[in-house]
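The structure under discussion is supplied below as structure tokens; questions concerning it will follow.
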Amino acid sequence: MAWLGPEEWRAVALSLQVSLWATLLSLPLGILTAYALARWQFPGKQLLNGIVHLPLILPPVATGYLLLLGFGTRGPIGGVLEDFGIVLAFRWTGAALAAGVMAFPLMVRAIRLSIEAVDPKLEQASATLGASPPWVFLTITLPMALPGIIAGAILAFAKAMGEFGATITFVSNIPGQTRTIASAIHAFLQVPGGEDAALRLVLVSVVVAMAALLLSELIGRRVAARVGGK
Amino acid sequence: MAWLGPEEWRAVALSLQVSLWATLLSLPLGILTAYALARWQFPGKQLLNGIVHLPLILPPVATGYLLLLGFGTRGPIGGVLEDFGIVLAFRWTGAALAAGVMAFPLMVRAIRLSIEAVDPKLEQASATLGASPPWVFLTITLPMALPGIIAGAILAFAKAMGEFGATITFVSNIPGQTRTIASAIHAFLQVPGGEDAALRLVLVSVVVAMAALLLSELIGRRVAARVGGK
Amino acid sequence: MLEVALRHDFADFTLDARFEAPAGITILFGRSGSGKSTVVNIAAGLLRPDAGKITSGGRVLLDTRNGVCLPPHRRRLGYIFQEGRLFPHLTVRQNLRYGAWFAPRGAAREESGRVVELLGIGHLLDRRPGALSGGEKQRVAIGRALLSAPQLILADEPLAALDEARKSGILPYFERLRDEVSVPILYVSHSASEVARLATSVVALEAGRIVRQGSAAEVLSDPSVLPAGAREAGAVLTARVLRHHADGLTELAAGGVPLFLPRLAQAPGSEMRLRVAAHDVILSRDRPEGLSALNILPGTIAELRPGDGPGAIVALDTPAGRLLARITRRSAAALGLAQGGSAHAVIKAVSIAPADIGAGPRAGETRDLIPE
Amino acid sequence: MLEVALRHDFADFTLDARFEAPAGITILFGRSGSGKSTVVNIAAGLLRPDAGKITSGGRVLLDTRNGVCLPPHRRRLGYIFQEGRLFPHLTVRQNLRYGAWFAPRGAAREESGRVVELLGIGHLLDRRPGALSGGEKQRVAIGRALLSAPQLILADEPLAALDEARKSGILPYFERLRDEVSVPILYVSHSASEVARLATSVVALEAGRIVRQGSAAEVLSDPSVLPAGAREAGAVLTARVLRHHADGLTELAAGGVPLFLPRLAQAPGSEMRLRVAAHDVILSRDRPEGLSALNILPGTIAELRPGDGPGAIVALDTPAGRLLARITRRSAAALGLAQGGSAHAVIKAVSIAPADIGAGPRAGETRDLIPE
Amino acid sequence: APLAAGQITVFAAASLATALEEIEAGFEAQQGHDLVVSLAGSSMLARQIEHGAPADVFISANSDWMDRLAAEGLIAERTRFDLLGNEIVLIARGGTARRVALDATLDLGELLNGGRLAMALVDAVPAGIYGKAALERLGLWDDIADRVAQTDNVRAALALVATGEAPLGIVYATDARAAPEVSVIGRFPAGNHPPIVYPAAALARRDTPETRAFLDYLRGPQARAAFEAQGFTMATR
């Protein structure tokens, strides 16, 4: 595709990288959170549910600002992480964090529903066969909830591809480092005559996200058929 | 709460108004779309699914820009609407449209899942008792899917409360007309020293959205109990 | 009157059936997979057959040749499903009213108070289906179907999901339906007891084809068309309650002969149907003496049909009607039984299962209204 | 050996039970709601009782006084559920292996080939549960429980969801289990047939309390503890297959007396259990002649117990064992039956239901291995 | 964490995008350093710098944010200078619009004819702040205060006029040149509002030869050509 310049290609590649990592890294936490919300009763459950939904509710810029306060080099968490050599602020890793946080509620909702649909009687059966709770989870709950987990992950990926407000606020818009497709679109829209380039990038992100959605429908259907028997 | 000035209060009231209308007006279309995706087979189904998800995928500013092109006074749709006396540009109605569009994918996903969970056998039973398809839908499918519909609507409401990018692009930021909480937060964050005011508004939107979420869990549980029997 | 003629192909199953169902209960009888539900679902409009024609009381519901296929909601049905399929979000009362809502204005309809009373569900009206037992659910489902002012009632194994006790609680309601409701009822079953007690006429299906059609007595006496073979063979007798004795027995008159059964609920004068399973009948050459069995009926051997196992089916014409006895061929030989010879049937009072005793008009006869 | 002592209160139900289950099958028997599932779920660790102690082969599974309550996965169970509960995302093979995976290294375990063969599921190994029939599912569920190297097998109405044909296909597997597997099996049922065929010992529950405990023959002969009352009363005889006759009958020896039944599958020499339902037995003062019934056993009346209806239960000691007959009181009076008197029991060859005939060691005796 | 030697990261106000693109190419060719330009609103950039963003040079669209960073000691004061000046103008859609005199006699309300005046956020974004100040000075603000549609940034205000949603807008002269659909119908006299300046400075911890070289380059003739091509004026010190 000759119509994308090298800068744009870098943005596309970076977006894919950021979204992929955001999705993969948040998946375990997403599954754990969804499981806790679906199956456990504990004080503060509603609070956890609310916090998970926060990024959906807050203006993305506010979320980005909160991330900057917490995970920036001077933030309490960012400082600790930096001692371990993990720098998030103004790196693509930070873009992944921002995208992951913004996509988290969508992921958790989808996974929670699919976990709630797993029959607890099968989990009991597994326990009577000698499986301890973690094994019950790994061998029964997780595989049975797979269609929803995949759907949730791909939805999160699509959302991460489009995330902009929190990302630019938290990690700025540094070409090759944190300039994702969405940031690039935004930048192009600021420049006189940048509309064409912006449109091209919009197309790219639509195509990628649509492909992801289609894939999720397909995988979901196939896995559901397997889990449902046959 | 003396710590909010009259300007802020107006933003809060406007946000509630915009989100409420956005949710209520998009609900019928959301239910219809969810029903079509859940129960019908038609060519272009995947395309529809993709289009519904677009606002989730595109940077909000891009969505806002597309809305401006389509629904602005000069846009093809906006022009027609204006002939009917419906003006969206620079009005709170336009803010509601933007918020509704942005929240639409979340609403449709939740409702689709709950419609898919309604047993088609009950719908068949209803048909054998003389109910034509629209009546089957109204008397069986809709009430049985109610918990999911409520959850979807409240999620959409929460999302609408936080929407900013598309709103400001489409209807700009006119105090009292289109200046929602999210726009106000954004404006405060642009001025040195505006952090405190921004934080207060963040708190307000968190409280409202959390209350909505809690409500949705409660209603959902109560309705589910009713639908599930007892 | 329901007239059905159908042809339909599934991947490895072909249905090809033509039958008529008069007013009363027509039982579709056959083993699992014989196509019973397929017929009912086509009649309901839930499945469109490759070819066929269905008319109900003269109304054409389906006529593939002329491209007619009414959707379910325009067929004026009352479909009673195996699993009830009550609407969980509505109360029992709302479930019952549901069909009436959609019935045409002027439709002749059952009076809801009468139906509620008939089914004994008056105390359940304000509950939701989730709070009903399996048997109660099914009774409500019957009421719901009745109250939709149907011109055709369909019931697909409405009792299959219930245990014996609940089954026997509901069978009487179907008996009343048969006797008091004037629309044809197409009823799927694979239970000989249900056939014996309920059927006005029976259509026996086997692998998609109709292998036998007739009265309950005719069909049940032919082991070759019974899903479970000879074990289910039996006779259907009709008898009238004479009196209740002090020692807990009820005396019935069957064609002039007395029959003793453990106490029945029905009042003297009531018409009853009894299924006497062939394996519960002992034959004796002479009238036996000193036996604990109370019912000994003399008769003439109408037929002696050897089975494929060690057994044989003997048809004995008694004053009470034709009885079937399943005995071993060895016994038949030892007793020197032969067609035309005479023998006595020995039936224990307690060996007729309660499930096999029902109220109702003569088996195989046309309906005649009996007020209760 | 499993030792159970429990106390548990639900809102309006109290369970208070103490019993022991030796090797072999101990059947928990009782009507719906009597607390059977509650006992099994407590044994499985799925429910924690208010108070109680359970030991299995000396291992303490539960001891509320000392605060011991092993979680299910540490109880070394094989639980066979009514609905199978196979894992739908795993193949049959993977389902079968599932429990073995978690069993302790050194655990004595069944050889999987043998179990697969025992249950006849070799051809299903690569399918998924969704593609199995109800009966096949249940056989796999049994195999899965067996292969988890359990020290206690629990089965909660494992056959209740199956129809008669499938039930009779699976009962023999449980008979084999009882005879070939050395761990105790706690089996919930409310079917007299299952009790008769399977039970090494029976625990009869009624409203949360144990009302009777003993061998199948003892429990089944007492209508007062039977869920369905007198209709289920019957005797359990043990007999040995003598020979198969050319006319399709099988001759068995029961305490020296011959018994004729329609052809059985078992080889001559096999030990059998028969349940003879009390309502299928006719009594005669003198030896009757000219009857089609093949089995006529002389005996002495051990007991004559009037029931609450028109019936009475007569216990007759015959050479084949104690038989029960349910007859009307009117007949008892007419025949002048009295304790100590003699009478003959008349049993038709075909009236013993196939479901009531099973392979197995003497009812109520301790297990003794019979190779097949 | 400092970036690789020879790399200079510039945080610049978004309105400089086009000019900086040209300057980046020229500077890299001349000096051999790698220039990385991160564009966003000045407020966001400033806040990020407060939180440790790896910027070497900051070019703000107004003095306020630079002042704030200076107060926090984050910039090398000695390197700070006012780089550019700009004008704010009144624009309308179409090329044939008549010019108006921007003075106290102007009836903006009539010009708007019921429509909206598009401006950047008047209390938050520099272009909006300047525009509001100018209108206040002219005594026009109170009349049209409730007719103003405020946008996130200047470009969005420009877009509103370009698409015809708003008949008039107030934007930078530089932006107005970029949109062929709009034309300038009035220029606000410079004395009417605080001077529009774009200050530039190196960050305190990055006061290095490389950043100084870049700041010098910004003042040089090639940069001047690029800025002026976009309509900026060079700030006179």
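Order of writing sets the labels: A, B, C, D and E. Residues in every chain begin at 1.
Keep this in mind: a residue touches a chain if its C-beta (ideal position, glycine included) is under 8 Å from a C-beta of that chain, and two chains touch if they have at least 3 such contacts.
Heads up on the chains, UniProt names are A, B = Molybdenum transport system permease; C, D = Molybdenum ABC transporter ATP-binding protein.
All values reported here derive from a predicted model rather than from experimental measurement.
Colleague: Which chains contact both subunit B and subunit C?
Modeller: none
Colleague: Going by the average position of its CA atoms, which chain sits the greatest distance from subunit A?
Modeller: The chain farthest from subunit A, judged by C-alpha centres, is C.
Colleague: Please identify the chain with the largest separation between its CA centroid and the CA centroid of subunit B.
Modeller: Checked the centroid distances; the maximum from subunit B is D.
Colleague: Centre to centre, by mean C-alpha position, how many angstrom separate subunit A and subunit D?
Modeller: Chain centroid spacing, subunit A to subunit D, equals 56 Å.
Colleague: With chain centres taken as the means of their Cα atoms, state the distance from subunit A to subunit B in Å.
Modeller: Using C-alpha averages as centres, the distance is 21 Å.
Colleague: If you average the CA atoms of subunit A and of subunit C, how many Å lie between those two points?
Modeller: Roughly 61 Å, centre to centre.
Colleague: Where the CA atoms of subunit C average out and where those of subunit E average out, how many Å apart are those spots?
Modeller: Going by mean C-alpha positions, subunit C sits 90 Å from subunit E.
Colleague: Pull out every residue in subunit A that's touching 2 or more other chains.
Modeller: In subunit A, residues 65, 189 touch at least two other chains, as defined above.
Colleague: Check each residue of subunit E and list the ones that touch at least two other chains.
Modeller: Answer for subunit E, listing residues that touch two or more other chains: 44, 47.
Colleague: Please output the residue numbers of subunit C that touch at least 2 other chains, ranges allowed.
Modeller: None at all.
Colleague: Among the chains present, which pairs are found to touch?
Modeller: Inter-chain contacts occur between A-B, A-D, A-E, B-C, B-E, C-D.
Colleague: Going by the contact rule set out above, which residues of subunit A touch subunit B in the complex?
Modeller: Interface residues on the subunit A side: 46, 49-50, 53-54, 56-62, 65, 106, 109-110, 113, 155, 158-159, 161-165, 182, 185-186, 189, 198, 202, 205-206, 209-210, 213-214, 217.
Colleague: Quick check: in the complex, which residue numbers of subunit E touch subunit A?
Modeller: The touching residues are 1, 9, 11, 14-15, 17-18, 36-40, 44-45, 47-48, 51-54, 153, 155, 175, 177-179.
Colleague: For a test of understanding, state which residues of subunit B touch subunit C in their complex under the given definition.
Modeller: Contact set of subunit B toward subunit C: 121-122, 124-133, 135-136, 139-140, 143-144, 146, 226-230.
Colleague: Mind pulling up the subunit B residues that touch subunit E in the complex?
Modeller: The touching residues are 61, 65, 68-69, 72-74, 89-90, 168-169, 171-174, 176, 179, 186-192, 194.
Colleague: Which residues, counting only subunit D, touch subunit C once they are in their complex?
Modeller: 164, 228, 245, 247-249, 260, 262-263, 279-280, 282-286, 288-294, 309-311, 325-332, 335, 337, 346, 348-351
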